[in-house]
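Pasting the structures here.
There are two complexes below, and they share chain A, which is joined by chain B in the first and by chain C in the second.
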Partner chain A sequence: MRSVLLAIVAVGLFSQPASAYLHFRANDDGQSIVLKWQRMPLRWFARDRGVPGVAASDFQAAMSRAFATWQAVPTASISFQFAGFTGAEPFTDDGVSVLGFQDEPGMDRVLGATAFLIDVVTGEIIESDIFFNTAFLWSTAAAGTASRFDLESVAVHEIGHFLGLGHSALGETEVHADGDRRVLASGAVMFPISLGPGVTRDRELQPDDIAGVSDLYPGGGFRGETGVARGRVTRSGAGVLGAHVAAFNPETGQVIAAFTLNQSGEFEIVGLTPGPHVIRVEPLDDADLDSFFDARDPIDIAFRVTLHDRLFVAPSGGVGERFTVSVQPK
Partner chain B sequence: MNVRIAIAVCAALTATPGSLHAQTAADRPSGGIEAAVGGGLLGGAGLGAADANLRGNDSTRQTFRLFATSSDFARAPLWHARVGFALTRRLLLEGALTKSSPDVRVSVTSDAEGASPVTIAEKVDQYFIDGSLLIMLDELRMGARLVPFVAAGGGYVRQLHEGQTVVEQGEVYHAGGGFKYWLLTRRTGRVRTAGVRGDARAYLMRGGVSFDDHPRSHVAISGSVFVGF
Partner chain C sequence: MTIARPASATVLLPADFTTVVTEAGMIVHGRVIHTSSALTGPQRAIESLVTVQVIEALKGSPSAGANVTFCVPNGQVGRYRRVVVGAPEFAQGDEVVVFLRVRGPAIPTLFGLSQGVYRVTRDAAARAIVTPAPVTAQGPGAERVVRGDSARRPMPVEAFVRQVHTILETR
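Moving on, here comes the complex of A and B:
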C-alpha cells in the first residue's frame, strides 16, 4: 500500500518543536514565537463542494465532528463555530478560515494540508485553511469504507495543524521494496503518515495529542494537575539535537513524547500524569526528518535507543527533577 | 530516634531486676496503656506488568508493543511505633505508625528497537497508619511469660515518591500474629509492664503506587519492646 503523507504547508514557518509534539513557531528578527489563536471561538467555513461519495453537507458534518473532538479535550480551552458554506477556495489569504476539497493531482502523496496567515510579530494565527485532496477517494461512513480514506480521521489530524500543532514522532513505520513507507503503529493522531484507507482510528485523540493542544491552550487545571519533565540528551558529553524522548506511565499506559530542541540537547515533556515514568530516547527515523525539523538542522540519528536508568517522577503541577540521558553511538 | 528509645526501654527494664522473677504474664493488669517501638522487614510485592503500546495498524487491531515493563516493591527495613489500650486482659486495641522506604523497581524488556533491558528504580517513603485488635491467646501460653496473640486491622497508607513531590494514598489491611514475652509485670509504679514482642503480618494494600488494579500483598516480620503504664 502506498503511504500517504498528512502534509502541512508551512510557508514562512518552521516547525521548531517547543515541547512535547511540535508547536509551530515563526521567527521574527531572531525571536522565536509560538503560533496560536488568541481569540475564541474559531470561526470556520466549509467549501460548498462535494466529491463522489461525499456531499458538501456530509463534508460539513464530518468537519464538525472533527472540531468537536478537539473541543472536547477537558484540559484545553478552545471552541469553534461553523460560520456557513462558502464558494471560496482554501489557501486564499482572505482573512477567513476555509476547509474544503481541492484538486491537487500533482500532490499524489498528500491527503490534506493546512496553511496559515499569521501575525509575525505576535504569533497570532489570523487565518488557517485546510484542503482535502480530490486525487483520493473519501468516505464519511461511520465504520469507514475499505478502499477510501476516512475524511473525519484526516480532518482531526489537519485541525491539529489548524490549532498550531506540528507532527508527533510517536509511531513506527517499515519501508517496502518500492520505497514507500507503511505505518506499523501510531501513538498520536498527529503522526505524519496516514494509517491508510478504511481506518477510522485517528478520529480519537491520543494522550500525546491531548498534551500538545492542552499546552497551547491550557484549561481545566492542566498546568496545576499535570507534571513537566525537563532534561538533556547527551552523547559523549555533548548535547544531541533532534532526539525523540518518550515518557511512559506504567499506571496509566500513556506515552507522551518530545524532541530535544537545541544543541545542548534540552527537551521538555508536558502533560504528564503525576507519578513514575519510564524514559526512552530514540533517534528519529532518517526518512522522517523533514516532517519534524528544518532540513538544515544537524539532526543526530546515529545513536542507539536508550532507556534512562532512573524512573522519572512527574509532580502534580510544576517541573520534576531535571535529568540527563546519555546515549551511545550506533 | 527509634534506636534511642529502644535503648532507654532496655535501661528501664534492667533497672528493675527485682520484678523480673516476681510476676508472670498471667498477672498483667488490664485497662492500661501500652507503648511499643521496634523494627523489622517488609517483604516485597509485585506491582504488575504494563506494556508501552502504540495503536497497531493491522486488520486485527492489535496493539504494537514498544516495550514491556514489570514492576515490584523491593523488600525493605521497617520501623514502627505503637500505642495500645488494654480493653481487657485478653483484648488490646492498638494504633500504629509504620515507616519503610522500599524501592519501586521497574524491569524494562522487549524493546521494539532493541534497547538493552534495564531495571530502573526509585525510592518511595511509605507510611502505614493503622489500627488493630489483638487477642491474647492465654490458653496457648508457653511458660509463665510468653503468650501468643493474633491481630487484625486496617488503616491508611501514604506514599511519597522520590523528591517528595507526589503523594499516593491507599488502604492497608493486615492479619497476623505473634507473641509477647513479659519481662516485668507489677501492680504499682509508673511502669507496670514491660517486655518484648514478635510480630508476623500479612498486609493487603489497595491504592497507592500500583501499576494495575489488583490489591497487592506483603508479609512483614518485626520485633519490638513494649512498656505498659
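Moving on, here comes the complex of A and C:
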C-alpha cells in the first residue's frame, strides 16, 4: 500500500487526507468546542447479537482488537474498557456507548456508522454508538474472507470517529464505464470509502490517523517531537474554505493532511516529522462534501491543484514558518 | 450550537450515479421548507423530518409544488444533539436534489446517506448549479479520478436533470 502511495506521490498526483476533527461552534457566543472525550477509560458495551459467520463473542473480540489498535498509538493518551454485553441496540439514545450489529434498512450502502449524543450546553459527549449493518456479510477471520467485509477494519475506522476524528480525504479512486467506483489506494484508515470485501489493510493505522488522534489526545512527547504547519489558502486574496492541504515528507514517505476550515482559508497540519515537506493543495471535487463538511457552507472546489513554491520545514516541536498558498480558478 | 463539522462517520460502499438513479424510488429537485427533530421509534433515538417543496420530480409521483418529507438520523431535541457523522444536515431554504429510498408506508430515507443528496447553489452568474457534479467515466475503460481535473466543473441543474432522465430512459 505504501509503495502504491509513494508512486502516486512521485508523479505529483497524491491524493490527500485530513486529520480532521469534529468541531462544534456555539451560536450564542461563538465559542468553539472540539468534540472529544474528557475522561478515560472510555467504557463500551457490545451488543449480544451475532450474525451468520460472526458470533457475539467473535464480535466482541474483533472490537477489542480494534480498540487496542488505537490505544497502542504511542503519541496518544487514550484507553478503553469493555463494560460487558448488552441487549440494547447501538443506535439508541440511552446514555451508554454500545457497539453492535443492527438492522438499519434506511442506511443501505452504509457498512457501519457512528453516532454521538451531545449535550450542546456543556459540549459533553453523553454517548457514542457504533452500528454495523446486518445487510452485509461479515468476517472476523485472521486473513479476511473473500466476499465478506472485514469487521475489524471497519471497526478501526468507526472507532476513529468514536474518538472524534472526521474523515480523511487521503485516498484515490477510479471510476469505470459502468459507473463502478473503486479505491486504488488510501493513505488513512479514516478514508470513508470501503476497500471492498476480503481486504484487511485498514486494521493498521497510518500516519494521518496517528497524527489526528495524537492531536486530540496528546501524549508520549507528541507536541515536543513533531512539528505543526499553519497557513492559509487563498484565491484572489480571499480565503478558500474546504481546500485539502497535504504535507508530504520525501524522506519518510509519510503524508499528513488537513482542510481549511474557516472563511479565512486557515489550516493546521499536526504531527509532522521534523524536516522538509512538500505542500500540495487540491479541491475536494470528487467527494460527497456532506461526508466531510457541512455542505451548506460555501466549500470551494473550483480551483486548480497547486504545489507550494517552497518546501515547508517542520520543526521538532512547535509551529513552523507560516505560509500562504495562492490557488487559481480552474 | 451548530456544527462546523469536517466529519462524517461512515464506511460507504460507493454507489455509482447510475445505481443511485435507478435504485432510488423517488428523485426530487426542491427546496427545504421545514425541518423538525424528535425522539422517535422503538430505538428511542433523535431523528429529523425534512420537508422539501418540489420544484420538479425526476422520478416518482409528486407534482411541482407538492411537499415530500424524508427522515435523517440526526437532529436536536432540547439540549441534546444527535450527530450521525455522514448523515447530511438540512436547513430551511436549502435547494437540493434528493434521491430517496421508499419502502412501503415508512417515511422515505436518503439513498446511501450523503450519496443521496446533491446541493444546488448559484454561481457568479446566478445560474443554478449542482456541485460537486457526479463523477462519471468519459470513456470505455477505468479512469483514475484526479482531483482538480479542469474537466470536472459544477454542472448546471438543467444538465444534471437531463443526465438523470437519460439514465432513466435507458434503463
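FYI, the second predicted complex is superposed on the first by the 289 of 330 C-alpha atoms of A that agree within 3 Å, B and C clash if a C-alpha of one lies under 4 Å from a C-alpha of the other, contacts with A are read in each partner's own complex, and residues count from 1 in each chain.
Rule of thumb we're sticking to: a residue touches a chain if its C-beta (ideal position, glycine included) is under 8 Å from a C-beta of that chain, and two chains touch if they have at least 3 such contacts.
Note that this is a predicted model, so its numbers are computed, not measured.
Once the two complexes are overlaid on the shared chain, A:278 sits against chain B while remaining clear of chain C.
Contacts of A:53 after superposition on the shared chain: neither chain B nor chain C is touched. Look at A:187: by the touch rule set out above, it reaches chain B but stays clear of chain C. Within the superposed three-chain model, A:172 lies in touch with chain B and with chain C [touch as defined at top].
Measured by the number of chain A residues touched, the leading partner among chain B and chain C is C.
Contact with both chain B and chain C is seen for A:305 once the two complexes are overlaid on the shared chain.
When the two complexes are overlaid on their common chain A, residue A:41 makes contact with neither chain B nor chain C.
Touched by chain B in one complex and by chain C in the other are residues 172, 182, 184, 282, 304-305 of chain A.
Across the complex, chain A meets chain C through its residues 13, 15-16, 18, 20-28, 32-33, 89, 91-94, 105-121, 123, 126, 154, 157-158, 161, 165-167, 172-182, 184, 192-194, 244, 259, 261, 282-298, 301-305, 330. Of all residues in chain A, those touching chain B in their complex are 170-172, 182-187, 195-196, 199, 201, 206, 227, 246, 248, 250-251, 253, 255, 274-276, 278, 280, 282, 304-311, 313-316, 318, 320-321.
Chain B contributes residues 48, 50-57, 61, 63-64, 66-67, 69, 71, 104, 106, 108, 111-116, 118, 120-122, 161-163, 165-166, 168, 209-211 to its touches with chain A in the complex.
Against chain A, the residues of chain C that register as touching in their complex are 1-19, 39, 43-46, 71, 73-74, 76, 79-89, 91, 94, 101, 103, 106, 109, 111-115, 117, 119, 121, 131-132, 135-137, 139-150, 152-154.
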